[in-house]
Amino acid sequence: MFMHNKRLMYTVRVSEPNPGLASMMLEQFGGADGELAAAMRYFTQALGEEDAGRKDLLMDIATEELSHLEVIGSIVAMLNRGAKAQLAEAQLEENELYLTMNQGGASHISNILYGGVPLTNSVGLPWRAEYIDSRGDPTCDLRSNIAAESRAKIVYERLIAITDDPGIKDALSFLMTREIAHQKSFEKALYAIEDNFPTGKLPGMPAFTDKFMNSSQGPGDTEGSWNTGPQWERIDDYDDQMAVDGGDGTASVNLGASDLAAVEKLALRTKSMPDEDPVTGVDLGAGPGAGATTAIRH
Amino acid sequence: MFMHNKRLMYTVRVSEPNPGLASMMLEQFGGADGELAAAMRYFTQALGEEDAGRKDLLMDIATEELSHLEVIGSIVAMLNRGAKAQLAEAQLEENELYLTMNQGGASHISNILYGGVPLTNSVGLPWRAEYIDSRGDPTCDLRSNIAAESRAKIVYERLIAITDDPGIKDALSFLMTREIAHQKSFEKALYAIEDNFPTGKLPGMPAFTDKFMNSSQGPGDTEGSWNTGPQWERIDDYDDQMAVDGGDGTASVNLGASDLAAVEKLALRTKSMPDEDPVTGVDLGAGPGAGATTAIRH
Amino acid sequence: MFMHNKRLMYTVRVSEPNPGLASMMLEQFGGADGELAAAMRYFTQALGEEDAGRKDLLMDIATEELSHLEVIGSIVAMLNRGAKAQLAEAQLEENELYLTMNQGGASHISNILYGGVPLTNSVGLPWRAEYIDSRGDPTCDLRSNIAAESRAKIVYERLIAITDDPGIKDALSFLMTREIAHQKSFEKALYAIEDNFPTGKLPGMPAFTDKFMNSSQGPGDTEGSWNTGPQWERIDDYDDQMAVDGGDGTASVNLGASDLAAVEKLALRTKSMPDEDPVTGVDLGAGPGAGATTAIRH
Amino acid sequence: MFMHNKRLMYTVRVSEPNPGLASMMLEQFGGADGELAAAMRYFTQALGEEDAGRKDLLMDIATEELSHLEVIGSIVAMLNRGAKAQLAEAQLEENELYLTMNQGGASHISNILYGGVPLTNSVGLPWRAEYIDSRGDPTCDLRSNIAAESRAKIVYERLIAITDDPGIKDALSFLMTREIAHQKSFEKALYAIEDNFPTGKLPGMPAFTDKFMNSSQGPGDTEGSWNTGPQWERIDDYDDQMAVDGGDGTASVNLGASDLAAVEKLALRTKSMPDEDPVTGVDLGAGPGAGATTAIRH
Amino acid sequence: MFMHNKRLMYTVRVSEPNPGLASMMLEQFGGADGELAAAMRYFTQALGEEDAGRKDLLMDIATEELSHLEVIGSIVAMLNRGAKAQLAEAQLEENELYLTMNQGGASHISNILYGGVPLTNSVGLPWRAEYIDSRGDPTCDLRSNIAAESRAKIVYERLIAITDDPGIKDALSFLMTREIAHQKSFEKALYAIEDNFPTGKLPGMPAFTDKFMNSSQGPGDTEGSWNTGPQWERIDDYDDQMAVDGGDGTASVNLGASDLAAVEKLALRTKSMPDEDPVTGVDLGAGPGAGATTAIRH
Amino acid sequence: MFMHNKRLMYTVRVSEPNPGLASMMLEQFGGADGELAAAMRYFTQALGEEDAGRKDLLMDIATEELSHLEVIGSIVAMLNRGAKAQLAEAQLEENELYLTMNQGGASHISNILYGGVPLTNSVGLPWRAEYIDSRGDPTCDLRSNIAAESRAKIVYERLIAITDDPGIKDALSFLMTREIAHQKSFEKALYAIEDNFPTGKLPGMPAFTDKFMNSSQGPGDTEGSWNTGPQWERIDDYDDQMAVDGGDGTASVNLGASDLAAVEKLALRTKSMPDEDPVTGVDLGAGPGAGATTAIRH
């Protein structure tokens, strides 16, 4: 069960209202790597987890992320506080209000539609659970969590770089730091599973686990430990990358008589006549006097 | 520049049409961890990469994933081949066609709307780039790629578990194996960056990198290397988790005179009257004779 | 700041696993009127609220809704617990697993992709913040909250009607009941604002607040207190519904010389020639022998 | 059946083109509380309604909202008329055109992609039916309609506040006023249902309809008619909010032997080893010389 | 201005309720090629059109499509009428109701969430304006309209094929026929523009309008009027398809000193060390005893 | 199988970084008519195509579009190259960085979230497969492809109009020209199908293929070859447009006894009382002193 105390996890002191900056901050409120995504990612994993230790860890961090959501949301609320009230009370001239609303990002929709604290990212896209990649397998999920924490860290770093408000910089630094700490926890939990690679139970096919397909060639082709060396057999010849099973590289299905008849009927009805050169809509439509069309005429 | 050869990377032999199974396979065609997501993830990273080695690696694997997309898409096409033709030619009775279309997952929309090979997941949700989490920072992106490969591996494993068609099982096993190989490559590339943790340039705040907030307590609270031990200072008392900066845990912003006046006006206009007990719509609406409402009456 | 205790708000006792029923339950977990939508709706309102009483109320209920989310999510986890493990361990034959995955709704994607507890609705659509309609104006938001609670109540009622598992029925009844209680609270809070209609500050134009436009006529046209009586002037004549400002009912804009020249040039370049009867792609494409096309030939 | 007359419901006189303002206006054309949302909300309700009076009312207002959609869309078309033509004819210098396209909101995409009148909101998000919350129950739907009208009213009020074009202000005021009138109609229709609370048929559980859970505590905890007084029993102690059914607050499911074996196998295979302190990727990745990482080293 | 008459454009006679079939019909109500998409496509084009003839045509057909939306929506309402009432009144046993809700497609969500007439497609995806491709250029838009009508025709044909209810078949045939008629109108309007190809004003680059790039080679490479013959110069050699401008095929940008310094710093900080073979997370994670991992060990 | 060469199809020379322009270019990278949409449109069609000639054509152009995606993506990468590095290295002052990020469109999210090359359109909306309208019927799909090429052409033309960077203009002109060439190929392929209108197999109902419904009347009603002449019977009278089947224009369904009883019970329970004038929430809420409400008082 969740409980709440009105004291924030980190005190928020904002120097002055700034709807444009508020809009940038939304990236970590309702954005892809934001705090709601983090909270829901770990919360959904916790609900289905069978291991008591991981379940506890996931619920701990899910809960902390909700507290972070409150901190970043409070920053947004403070940055929009003036503009929201000015618009609600229509205290400024129309032109002033118009300019106040349009300060970059989604600052206009933040106040005109949402009235201050929208659950969107910085371009106004409402949060969507596509951001969550919980798969119910701990060795997948912990890797996804590690990656997610590293992404959240870098987005905070970028937000810190664009604001000089000391109170905001301070609170963002705290939130960024906690992503570092969380990554550490998830790494511990991943490697606390004895056999964590590859994910799941099924082994790979031995013939294909160590091959590196050099699919992109030409100037800039490079060697490194990721495609060359004792762990790799590198395939450079395109022909050796095709139909690696030794078959002919086609796709086929066994069709019963009824299906086969239908496929043949469909193929006949819609077959193309490659030997004819039909008049087309383009021929009808390329007007005689237009310079634009001479280029495509013969 | 991309080139294409009509031979598949892996030969596809499907035993018989099966629209319901086709629908499940869509998870790896147009789904969150599917091959298009993989290809676009690496391709967008490659375009912005400054390091020649990683750029090459990313483009190699992006290209191979497109070839995988073709393999899984061919499986879908073969599984839907009969149903698509039967519907197009209306060869079966209406009831038979209706049943053919409704075999689970999104099999109905696959043929009625899309005509066979939709770029959707297994419930018919069209693919969306929210699935891609490229951030343009290599230590983030490689971690995201590692996680993505591990997710794709597990989804293939699950699809292998639900089909006994040997040709499909075989092709899926190949695709699954390649995810294992790709994860290995991305791990090499991550650790080939000398200083890869934490992501980015900014260090964390020393006071908060090693603290573990025990946010979820009660029965089931557990210790492990992720929250206890030499690397951690664990905070159990909720009060010590609040306002960790030493402030009062409130949010505030300095408002200029004009903003302040507007805020006060807004607050006054919409203030609640806590001391009165107003008649409400509920009081108007709870009908006298309904048993449903006695529970809420006084 | 949020805190968590591992005891649920309401004990969850599920009789037996049932992935199909789990999928239905998702409607209140990751669906439009589900508990996350409720929690985020009130939480975003609370962050921007200036009135202490409403801010407290909103945060109280937001927090409780998170606890509800945990209850309904636990029901889903229990209903999917067996299927998830069977798939992970591939303990059943392929055909059995296939059938286990396909039990209606989005039960297949719940386990194949998400591994048990997806943040989606019952057709597998990931949750999206479009479900939240917070507008930052209390007389709007409280009406939206009242409506949202009434919707959540009816969806719970429908879910109760389709399951005979007593433990689930019981927990759903608790959750449904709380929506009734919350609606009561929000009604009190709405009418505790002295002047709550119309929303906002601007009055309507007196000429148009009391008119009822009878836009849909013909058999079934009806009178009621919503369109007739002392509060209404009903307009039946379509002509009296047009250009009610007394103008000519056109749309126009004053264009400067440069814009006007561009518009005229555009109009000239793309003007249609209504007097000619051109040959079209249809004329090219309607094949001579097809019965299908005789209907459109002349 | 729908019919159309080319005269608008309200004459539209725009002073001068302004793509930035056009973009703001889109909020009520293709936005969440816009006229299409209103029209489709009432139209879908009307189709399924069994009561003749409400069916008539819903179709009346749905039709009027389509006429409103035409008015607001005409405002957008007029505001974009110059920019659209300038771009189509490439009459201005590139830099001038670039600036013309970039005037705030989604003004660039409105003309570059959509060519003038996009069915999006003010940040360019295409309209989505998630905005519609019709539930097919009249006491829900009418409450949702009341709330929707109040939201539309406030958004019009905000748009009126940011423009000084008298023709636009006038047309927006008309549209805003009609939302007030519609709210009145829907309120009448709601209270014309004798027993309209709670929604649906099922009564609440008497033990929980009148309890108020004080979930958010600490500084700012407040009393009001929404949580205190004769209609409420207020629960302040967190422990009394947990497991209110009297159980232990856990979640459980009865598993058959096969499911139980699978769950145990899964748990064993993925169990964490809490007593060890494994080397992790973080340990591998924190480079020796980076100041960033000293903070997390021990 | 829109008006409405309660008589439908086509009488709807449904033989018996069928929620599963209702769900299929949604494809043309709230689906990608459905009637709302059609109506909004033409309506948005009409608002911005400068040519009186096309504006009239577009508004005519937009209005008729709304009437079609009403017809198909009425079919859905009739097919769901029984199930909706059974659920609302909870008249059937739980198991019967569960089965009634789960009859394929999105039949469950149609009634449990939406209560009968959802604005979704057949898998329950809410309608989205991404389906509309109006671009504000008549030679584009008319081609898009022609294509859209042909798509709507085929989807109706497929729906007709799966139902044997004569009343539904009849109404669908009417709706399908009108798509044929509309395609004819749009073709006339397209070719009534004298110079309609290529779209817009700019001519193509003469060197590249007639070249055909044979990008996909290998078994199945084919010739036809679309790539061979007097109108085409066919390029088979991949090398001749690269850098066709005669350059070196790289991408570059001129960077100022500050940007250059930042790029170099970034490159240095994140450079990979291709000559080393680092220990990775995979090496840490591949447990000693797992058969799954032997395949990837060396 | 796909292969890749690092040489671009067209050399990209960008004069200087410009994040705002980069953002506009995204329209053709991750936008509705962009190159990924084109590639995936043709690729999904190719997979299901039965005709060898069209299958080859579709795969040729799909592959070329991927190469175009790389060209436009490289333009975006070059335009964002400086800003991305400046942000990553935090080389500029905060205010300078803030301004660098906010240069129009979605330039801020491009770098703050995505780090340079996002798969979004110009307002930051991630790409979605709703943009693809493949239907698996060649006469539909080819018409959709023709329309899509014409749309892509016009968007390129508009982008060319807003930039004066000669290298970008040149590359965009190449890409635009190829859309013209592709449209020509698809037109040939369409008319190479002998009987291509109407789409599919079913003929229209003769009574309704040639009627034109004049649904929109009033000032501006116009005649043209699209609604008048030998191919059309034009219906002007609204009454003749209703119930054109000769029925009464109602919707009905035969209900069994159980369904009928449920419907009647539902209707009775929720019937409106049209003869009473109930007190409503509006009456409760319109405060006595507010000028805003006098307009709606009686």
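In this document, chain identifiers A, B, C, D, E and F correspond to the written order of the chains, with residue numbering beginning at 1 in each.
One rule holds in what follows: contacts are C-beta pairs under 8 Å (C-beta built on N, C-alpha and C of every residue); 3 or more make two chains touch, one makes a residue touch a chain.
Note that the structure is a prediction, hence the values are computed from the model and not measured.
Novice: Taking contact as defined at the start, I'd like the list of chains shared as neighbours by subunit B and subunit F.
Specialist: A, C, D, E
Novice: Match interface A-D to one of B-F, B-C or D-E, accepting only the pair for which over half of the contact pairs are the same residue numbers.
Specialist: Interface equivalent to A-D: B-C.
Novice: In angstrom, rounded to a whole number, how far apart do the mean CA points of subunit A and subunit F lie?
Specialist: Comparing mean C-alpha positions, subunit F is 22 Å from subunit A.
Novice: Let me have the rounded angstrom distance from the C-alpha centre of subunit A over to the C-alpha centre of subunit E, please.
Specialist: Distance between chain centres: 22 Å.
Novice: From the mean C-alpha coordinate of subunit A to that of subunit B, what's the distance rounded to whole Å?
Specialist: One centre to the other, that is 8 Å.
Novice: At which residue positions does subunit A touch at least two other chains?
Specialist: 1-9, 32-33, 53, 56, 59-60, 62-64, 67, 74, 77, 81, 84, 88-90, 111, 113, 115, 123, 125-126, 128, 130, 135, 137, 139, 146, 154-155, 180-181, 183-184, 188-195, 197-198, 200-202, 204-205, 209-210, 215-216, 219-225, 231, 238, 241-242, 249-250, 263, 266, 269, 272, 274, 276-282, 284, 295-296
Novice: Have a look at which chains touch which and call the overall pattern line, ring, star, complete or other.
Specialist: Shape of the chain contacts: complete, all pairs touching.
Novice: Contact residues on subunit D for subunit F in the complex?
Specialist: So the residues of subunit D in touch with subunit F come to 1-7, 50-51, 53-54, 87-88, 90, 93-95, 97-98, 101-102, 106, 108-109, 111-113, 115, 123-126, 137-139, 146, 177, 180-181, 183-184, 187-195, 201.
Novice: Help me check something: in the complex, which residues belonging to subunit F touch subunit E?
Specialist: Subunit F reaches subunit E through residues 5-17, 32-33, 52-53, 55-57, 59-64, 67, 74-75, 77-79, 81-82, 84-86, 88-89, 91-92, 128, 130-131, 133, 135, 137, 139-140, 143-144, 146-147, 150-151, 153-155, 157, 160, 170, 173-174, 176-178, 180-181, 183-186, 188-189, 192, 197-202, 204-205, 208-216, 220-227, 231, 238, 241-256, 258-259, 261-263, 265-266, 269.
Novice: In the complex formed with subunit F, which residues of subunit C make contact?
Specialist: On the subunit C side, the touching residues are 139, 190-191, 193-198, 200-206, 209-210, 219, 222-225, 229-231, 250, 272, 274-278, 281-282, 284-296, 298.
Novice: Applying the document's contact rule, which stretches of subunit E touch subunit B when the two form their complex?
Specialist: 20-21, 23-24, 27, 31-33, 104-105, 121-123, 125, 154-155, 157-159, 161-164, 215-221, 238, 241-242, 249, 263, 266-267, 269-274, 276-283, 295-296
Novice: Which of the residues in subunit B come into contact with subunit F in the complex?
Specialist: 1-9, 30, 36, 40, 43-45, 47-48, 56, 59-60, 62-64, 66-67, 69-70, 73-74, 76-77, 80-81, 84, 88-90, 111, 113-120, 126-130, 132, 134-137, 200-202, 278-281, 284
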